[in-house]
Amino acid sequence: MTLRFGVVGTGAIGKEHINRITNKLSGGKVIAVTDVNQESAKQAVEAYQLDAVIYPDDKALIADPNVDVVLVSSWGPAHEETVVAAVEAGKYVFCEKPLATTAAGCLRIVEAEMKQGKKLVQVGFMRRYDSGYIQLKQAIEGNEIGEPLMIRAAHRNPQVGESYTTDMAVTDTLIHEIDVLHWLIDDDYKSVQVHFPRKTKYSHANLQDPQLFTITTNRGIVISVEVFVNCQYGYDIQCEVIGDEGIVKLPEFQSVVLRKNQKLSSTILNDWKYRFMDAYNVEIQDFIDSITKDGKPNGPTSWDGYIAAVTSDACVKAQQTGEEELIHLQERPAFYSEKGLQII
Amino acid sequence: MTLRFGVVGTGAIGKEHINRITNKLSGGKVIAVTDVNQESAKQAVEAYQLDAVIYPDDKALIADPNVDVVLVSSWGPAHEETVVAAVEAGKYVFCEKPLATTAAGCLRIVEAEMKQGKKLVQVGFMRRYDSGYIQLKQAIEGNEIGEPLMIRAAHRNPQVGESYTTDMAVTDTLIHEIDVLHWLIDDDYKSVQVHFPRKTKYSHANLQDPQLFTITTNRGIVISVEVFVNCQYGYDIQCEVIGDEGIVKLPEFQSVVLRKNQKLSSTILNDWKYRFMDAYNVEIQDFIDSITKDGKPNGPTSWDGYIAAVTSDACVKAQQTGEEELIHLQERPAFYSEKGLQII
Amino acid sequence: MTLRFGVVGTGAIGKEHINRITNKLSGGKVIAVTDVNQESAKQAVEAYQLDAVIYPDDKALIADPNVDVVLVSSWGPAHEETVVAAVEAGKYVFCEKPLATTAAGCLRIVEAEMKQGKKLVQVGFMRRYDSGYIQLKQAIEGNEIGEPLMIRAAHRNPQVGESYTTDMAVTDTLIHEIDVLHWLIDDDYKSVQVHFPRKTKYSHANLQDPQLFTITTNRGIVISVEVFVNCQYGYDIQCEVIGDEGIVKLPEFQSVVLRKNQKLSSTILNDWKYRFMDAYNVEIQDFIDSITKDGKPNGPTSWDGYIAAVTSDACVKAQQTGEEELIHLQERPAFYSEKGLQII
Amino acid sequence: MTLRFGVVGTGAIGKEHINRITNKLSGGKVIAVTDVNQESAKQAVEAYQLDAVIYPDDKALIADPNVDVVLVSSWGPAHEETVVAAVEAGKYVFCEKPLATTAAGCLRIVEAEMKQGKKLVQVGFMRRYDSGYIQLKQAIEGNEIGEPLMIRAAHRNPQVGESYTTDMAVTDTLIHEIDVLHWLIDDDYKSVQVHFPRKTKYSHANLQDPQLFTITTNRGIVISVEVFVNCQYGYDIQCEVIGDEGIVKLPEFQSVVLRKNQKLSSTILNDWKYRFMDAYNVEIQDFIDSITKDGKPNGPTSWDGYIAAVTSDACVKAQQTGEEELIHLQERPAFYSEKGLQII
């Protein structure tokens, strides 16, 4: 059985997913595409020599009975409407982050999905598929470090453009930690506070950089995440979980080791694309396999999308107030209580 | 276009390749299988729900006009005959190591292939597709370490069974270094000498373990490879290339880092399968892509299979004589002068 | 010239200093000792075969004209009185931390010293003499990482006894980071806030453990220090300085690397004594050499002792209030403006 | 009690020892010096403000009844005569390597010492006092790696001058591994063979560089040591001991870790002086302490000096013949059977 994808949004990320499904993975096929820029959709079909229909809009694409999965990689504000429509049509959905730009929007998707009576939606938080984070989770669940008490993490980019503003440190950057960390420790967030260190000279007027987020969870775990998007030296993701029996840390990205010019060195990536390239492939292959085998996706759910939205809102508010802000989630429906992404 | 595979030999490795082509990679399909044990062939078809013909023998499978590629994963002594037949039928061949059990057998394949006027055969030396070795090669070709002068390598397994004898340290184990190292430095071997250190208590009467091979190349590079197949602690592959400007070393296998019980530790694999799992996938995907795009495979050639056979013979002789033994290769035909496996 | 020490307090630390001066270092000699427990003083003289007078109290010892230096290793509450008396007598002083138990006490010492017109006092903060911290400081001052923006540090002990209470996480433990970090970045502290993560099961009723301190400096550097005194796994000191051009991190304690039982591991110390053993030796040798060559000690001053006291008070208050507390220092007298501890 | 040193040879190493004894260590004092260049001796006395007699030659210095220890740091060919004379005078001797330039010369010292009926001589092989090698020895003796089977080591210098010839790779460089490795595994050498890899472009006509030595021991341990004295990138000492239960490796030299310019790097030393600076200090302090406490030195003995001379001769012969050369030691006298340098 081959899972038939309709892709909504053929920008950079959309094209990468098309390439992945077409040329790298097994069990999926792109049979329909659309984009607000129809020219872009055409170019994608040509570039990857797809045997795919080009639709004028998402509605028409969703209506195609041959489409099993709607892959949403349009711009963020358009996500909610497409996802709701696809869910109401009973289609599977793979939606790039954010699921919706507001918590209310996420809840509307949650409700639509629950009405369908089965899980249909997966949100594109790929870090859960990274072998490093999977090893971290295995270590925690295998009780290697006892009870988690703290997490210390860092998310660093070499640089960002002028259009990247202070709030985007949350909505574009921290958002990945927001998703992966609550999954890692199987806990919900309770509050957040932000400290702004001295600003790097490489930042600009509208961007406070770096930032230090202190997040607490219901069980009392304290998470300290540094976001530093003009760190210059490379793309670098750090995560260390401190438990009452030991500490476990994400590995450095794998590189040969060089002895030269009085330095023992390994390479740090400059581009985020390479860091999680394998994770993207594993993510989509797992999405295809889970649906094919179990009839439902196994990754981050609509509820995880909602958690990300609520937490993200509180983090942005904390940036503005300088105070500790509460992260208030609605009660988790039983529908979403089942654990996803079984670690082998 | 989908490349259609006929698999000769449905043992453990054959099944893994079938699974890989069917469920993990893109662009290939298994449409025919055979095995001396027909029951095994049937089981493979069922296990992977293949839409494939079960042939009584390799001849019949090769004769199927729908078969584009013959994947040879039968036992070693049978390889030569199958490969020659497939080549003479103009089929592409992916042959697990060894290409043939003798140097003369490899040359017969070389001749058959040259007669066809195009490259058809790839030998299953997967290490060239490992990201660590690729980084090593990039470092060398990018002139990071200057001219290579020495290589120090180690190939360690946790343990082997009673049937594993001294010569198998060459034919089953060192064989991977034999292939990957001459590719790494783009040089040919000239001589080999073996030292037998004190035997580990975990070995047995018919196995000298560990062993230390000192191999020289035409350009004068000295390669020191330790083979230690009862090292107990894990599966561990080390390789360090020493150049006149610097030294570059294979990374350790990636693992989270644990602080616990007064130890800072990471995990060493116990099973070789995990070490090169990605390399196997990349290898077969590249094989499919190269044929699809360029009409010929891009990996280790029949000539590389011949080099491995000649070198392997000399290494076994050196185990027996204790002397330095020459590695005498025929002159490389222009047909095989083109470099394969472009590193991006 | 040999510097003649009078030791006030012959407990564990006092004895270690006596042993150090007598048997390991050059240029110093213990010629007088005293302790509130005279028996202890006698035992010290015998154990190290000192040619030293045993005085009934600090006053008498200070009055001995042969005593050049008063080494104060009595219990904390007694420090101030001894140090003031020694300074007023024109003697050099090496005082273990704390200089005095209150900020006011430290200021009285500062005033007494300024009245003498020359620096006489060094406080026993040995980390400034640790080769790792010295390399950090060299990296910062050599502009390797640009302008420091953040520090992330951790101070972990395997376990503490029942008598160790929440405030001692500051006064006994964090106090070392308080001294070394302002020296490292050449800045003064401005405020501090404390987060209490979920308590480890290895703690007890009167100890919140771990704790996370967020300290800001006048230049806006944000320092995040974890104190975790029942971490079980070992004694572990971490410090990472994040600058606008790069990041520099304290090395792990040096250990051989072991491959065994599927682990690649190095050893983490269990006992703090070994971690800074070299630093203690370098510290006292530098104290002796500086006085001998330059007529004054070169290490942490009375003013540094005052900074530690004020900061420590604010940290304890922040533990109690849960709020951000200001760290208000008096203006630094010109007398203490000169930089100490030249890094070679 | 203060050990009184007479120093024979006030060149670079002699001066460093004088400085060490005078300004860094405890329990020793330089009271006499001599040098074939009397001016050099005078300068040393002035530079370190020694209260020391300048003697016209070693004979006169040895005859001074106040001299307890003769420290021999003259040029190699002069060692034997001075050491024999000092031993015959019943003086303790600390002799820089080589003990004598010939094996026969070493035996003459051995005989002179045995005639005195007590150990008097220590040879200046400082590596045994390096904390890394000590940890290696502890790991081996603590049975962490089971029975040693192989050692793989490297001795690399950034560059050497034109006067450094092929044989000096043994007599100046490998000599340190020769001493420390037999101590490490408590075994005697049996044979040696040399391979010459392709020569680095940074070498010169009279120097084969790098070189690879394969040494076997009586118990069958195979030792592979690379000597590479124009490696350019730094001073780097590697040693890995491979046992039947695990492998233990010397730590890298301790350095802060820098993230900058897409590199994660630590510093490799450029100068050998810093690598073993601590070891030199520990060595001389242990020499002083052992004599003071036990009446005899505890480090490398005259017999170790003899082993080094015999092994060194065989290695140079193996460079010339290209064959495996035997290392034939006389039987070890019971006098030297006691183990030195107790590891705590």
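Think of it as A, B, C and D in the order they're written, each chain with its own count starting at 1.
We take it that a residue touches a chain if its C-beta (ideal position, glycine included) is under 8 Å from a C-beta of that chain, and two chains touch if they have at least 3 such contacts.
Since the model is a prediction, treat every value here as computed from it, not as a measurement.
Student: Indicate the lowest number of steps between chain B and chain D, counting one step per move to a touching chain.
Tutor: Minimal hop count between chain B and chain D: 1.
Student: Compare the CA centroid of chain C with every other chain's and tell me the farthest one.
Tutor: Computed centres place B farthest from chain C.
Student: Looking at A-D and C-D, which pair shares more C-beta contacts?
Tutor: Higher C-beta contact count between the two pairs: C-D.
Student: How big is the gap, in whole Å, between where the Cα atoms of chain A centre and where those of chain C centre?
Tutor: 45
Student: From the mean C-alpha coordinate of chain A to that of chain D, what's the distance rounded to whole Å?
Tutor: From the centre of chain A to the centre of chain D is 58 Å.
Student: List the centre-to-centre spacing of chain C and chain D in whole Å, with centres computed as mean CA coordinates.
Tutor: 37
Student: Show the residues in chain C shared as contacts by 2 or more other chains, in ascending order.
Tutor: Where chain C meets two or more other chains at a single residue, that happens at 232-233, 245-247, 255, 259-261, 266.
Student: In their shared complex, at which residues does chain B touch chain C?
Tutor: That would be residues 232-234, 236, 252, 255, 259-270 of chain B.
Student: Chain B touches which residues of chain D in the complex?
Tutor: These residues of chain D touch chain B: 146-147, 149-150, 152, 195-202, 210, 212, 214, 216, 219-222, 224, 226, 228, 230-233, 242, 244-247.
Student: Using the touch definition from the top, list the residues of chain D that touch chain C in their complex.
Tutor: 22-27, 131-132, 135-136, 139, 144-145, 245-251, 254-261, 266, 278, 285, 289
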